[in-house]
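Chain lettering (A, B, C and D) follows the sequence in which the chains are written, and residue indices restart at 1 in each chain.
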Amino acid sequence: MSPSSYEYHYLFLGIFLLIAISFPLLPIILARIVAPKKPNPIKTATYECGVETKGDSWVQFKVQYYVYALMFVIFDIEVIFIYPWAVAFKQMGFFAFVEMVVFLAILAFGLIYAWKKNVLEWK
Amino acid sequence: MSAAKNISQVDEGLKSELQKSGIFVTTLEGLYNWGRRSSIWPLQFGLACCAIEMIATACARYDIDRFGAGLFRPSPRQADLMIVSGTVTKKMTPQVVRLYNQMPEPKYVITMGACSISGGPFKDGYNVLKGIDRYIPVDVHLPGCPPRPEALLHGLMKLQEKIDSQQIEKMEWYQKGLKREFPVPEFGPNGLNPPYNPDVFQPQQHREITVG
Amino acid sequence: MKTPTEIKQDIETKFPGTQLTLEGSSLVIPKEQWSEIAKFLKNTPEYSFDFLSSVTGVDYKEYLEVVYHLYSMEKKEGPLTIKVRTDCEQSLVPSVTPIWRSAEFQEREAYDLVGIHFTGHPDLRRILMWEGFQHHPLRKDYVQDEQDRPVEQF
Amino acid sequence: MDYTLKETPTLETQMLEVSLGPQHPSTHGVFRMDVILDGETIVKLKPVMGYLHRNHEKLAENMTSYLASMPYTDRLDYICSMTNNFAYALAVEKLANLEVPERAQYIRIIMAELTRLVNHTLLIGFLLNDLGAFFTPVLYAFREREKILDLFEDVAGSRMMCNYFRFGGLKIDVTSDFIPRVRQIINKYPKFLDEFEKLLSENEILMARCQNVGVLPKELAISAGVTGPMLRASGVPYDIRKVDGYSIYNRFKFRVPIGEKGDVYDRYYMRLLEMRESIKILDQAIREIPDGEYISKVGAAGARAPRTFKPPKGDAYGRIEAPKGELGFYLVSDGTTKPYRYHVRSSSFINLTILEDMCLGHKIADAIVILGSIDIVLGEVDR
């Protein structure tokens, strides 16, 4: 696999991915091996400011939480699409710019619709 | 427990030689204890007047951050040092013991101020617990009412010395069968029952002093 | 501000048949008429005692006493001390929380520490001690738990 | 068959019961609120206290003398120990009608106003801490507090627990360089206040989070016995320094700031304005302080031999304008050296009665800010 061959570039990406994944996983695995484990019923009880928990936490919470999270996910994905475009913005010329503006307009329309249905207000 | 010097098999002369050429030699224990000693995260847990002095220690003038202990964690899950700063009343004791139980294993307790050591000036009160060491093991007793911020820093240094001298094999939380659970007392009609935790606290026997 | 003696005459003319006694500068009111007199003191524009500063329960061994300190915020007038007495066993005193909201916590504390039951209080529970505590610690005859008692100086 | 899209019934949601318990970063000590939440808005809020009930009143009755419970008053409101001593000394002086010499009166006023500066600065620091500016404003506040605590330490021997007042005067006279140092602090304090105000008062987040939050109407404030900056923020001009004119407050010219709406922003701004008024009082007090006795002859006898100090039979109620509100001591003496009944009317305890009324309908995050604006200290709440 000569340095200029096609796969070589992906090798770099592979190593980078490997390190990225090992950063979170390594401490977790290390902690699971090395950390002392002395569970007891009081320790594993849920912590609520020092007192026993009253009432159960599996309640029907308001639907607004769910809708708010949904709105966030939509616009988070939108940002992910903008990143690669922003990186190669210079080389791609005017056409890619117009295409991105159309993409943003469609999503902006969705935001206006949500705004009018006042999903964003928190009653 | 006397703070034994950090016994490492490498002799000092060789160590200082290598250090000159930039090579640092230490035992795994030395590294392990140095890591834990320099990053103790105290539990954000102020009871009374000593809490204000603890915050003053965390502030700019006395700066507990120089010892790595500046990050006060509100939740016991991420704390490894509980500074009991203030009067522990009988109504608060179950909460304190439950918080201590909920802290992950290498955990230490500093009883800051005379109140948490032995009830302090409020000892004769009907609602005051005569010292938190009746229910949980305490590592450093820090007298004073309130102890000055420098005294709290001194207490923290004493705790760091204690951590330095711990051997990995002999630490309690690594022993196999050891039960590290401290039962939470309940509220009785008169006070707390049980009045103290037998395997942590032995009341002094009132010896009759015969004169002459 | 009118002196306590004038207030005493004024109340006696307003509520015939009540025996008020004057102790020093404080007014002792029988507990039966206490809530009407309290409303009277608060609402008449001439007194307008709209600020109840402090409620204290005191145990005088033969009887229990509740001491009220009343001020007028509009007229910025000084304290009128009112004492209401009740026996030790039943210890019932009409509550003034509907009249002055500031009495809500203080009456609960007086109930908790001295054991005076306030009839008509929205939720009379213990405020400082835990629910299961069986005694009223500020009573003179309260004996502390064995391990709590101060060590006898020899 | 026509198909009508009915208004879908709002999904049936249950209430979540949460306890903002004794160990919580923003309850200013061990104070617990049992909150019932519908989503984020508060439906019911029950304060639970007593976690720091240290039996101050029972201990005072078993103490050997009146003076013996003076150091205990430091631990009542442990941020402003000088004003606690002031209130207790005033109550006993009213009980035993002792005279206090001129110089002692001036030094008492200076100490009380310095404590007010400390308390209000700390309050703004902790209020911003509750608002989310974690610990930066507290660092500024504690930097100023350290300077004033150095003064207390020189004069009274201890930073926080001063135990400096005696019945009829003070324990000891101030050091010679005390007055110049107080002048130094006063000259620099307005600059610090301007810096604080420039940072905070026009800050959009603070204004958005504090305005129209926890509004306290005037009538409810008066009927609930709320006193201090909270009461004046709701528009009631009631300051015990002006109403009672105790000690020698009538000699000083200072204004009492009044708020309009009584929301959290008014209460925050009230403390800033009160600090400027305290600086004015301190300024006048330093210029006019006379020489002379620091404790009256009768008081000195009592201070030196506290066990023989027997006030006459009877009862007395002395109150002062503590930084948090009206702090009163009700003492019943039966002629012996021990008080028969010793009751502390603490301002934080009574200011909490309307905590639920202010928090209903707000979000859970606003309840934390409202509690922060009430400025409670648990030593005084639970006594």
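We adopt the following convention: a contact is a pair of C-beta atoms (placed from the backbone, for glycine too) under 8 Å apart; a residue touches a chain by one contact, two chains touch by 3 or more.
As the structure is a computational prediction, the values presented were derived from the model and not from experiment.
Set against the Cα centre of subunit A, the chain with the most distant centre is C.
Set side by side, C-D and A-B show the greater C-beta contact count at C-D. Distance from the subunit C centre to the subunit D centre is 25 Å, each centre being the mean of its Cα atoms.
Mean C-alpha positions place subunit A and subunit C at a centre distance of 61 Å. One simple way to say how far apart two chains are is to compare their mean CA positions; for subunit A and subunit B this gives 39 Å. One inter-chain figure worth recording: subunit A and subunit D are separated by 46 Å, centre to centre, where each centre is the mean of the chain's CA atoms. For subunit A, the set of residues touching two or more other chains reads 49-51.
Across the assembly, subunit B contributes 91, 95, 99, 124-128 as residues in contact with two or more other chains.
For subunit D, the set of residues touching two or more other chains reads 21-24, 50, 53, 55, 58, 62. Touching subunit A in their complex are the following residues of subunit D: 11-24, 32, 34, 38-41, 363. Residue ranges of subunit A in contact with subunit B, taken from their complex: 35-38, 40-43, 45, 47, 49-51. Across the complex, subunit B is touched by residues 128-135, 137, 142, 144-145, 147-150 of subunit C. Taken together, the subunit B residues at the contact with subunit C in this complex read 90-91, 123-128, 130, 187-191, 195.
Within the complex formed with subunit D, the subunit C residues making contact are 24, 26, 50-54, 56, 58-59, 67, 69, 73, 76, 78-79, 81, 100-106, 109, 113, 126-130, 137-138, 150.
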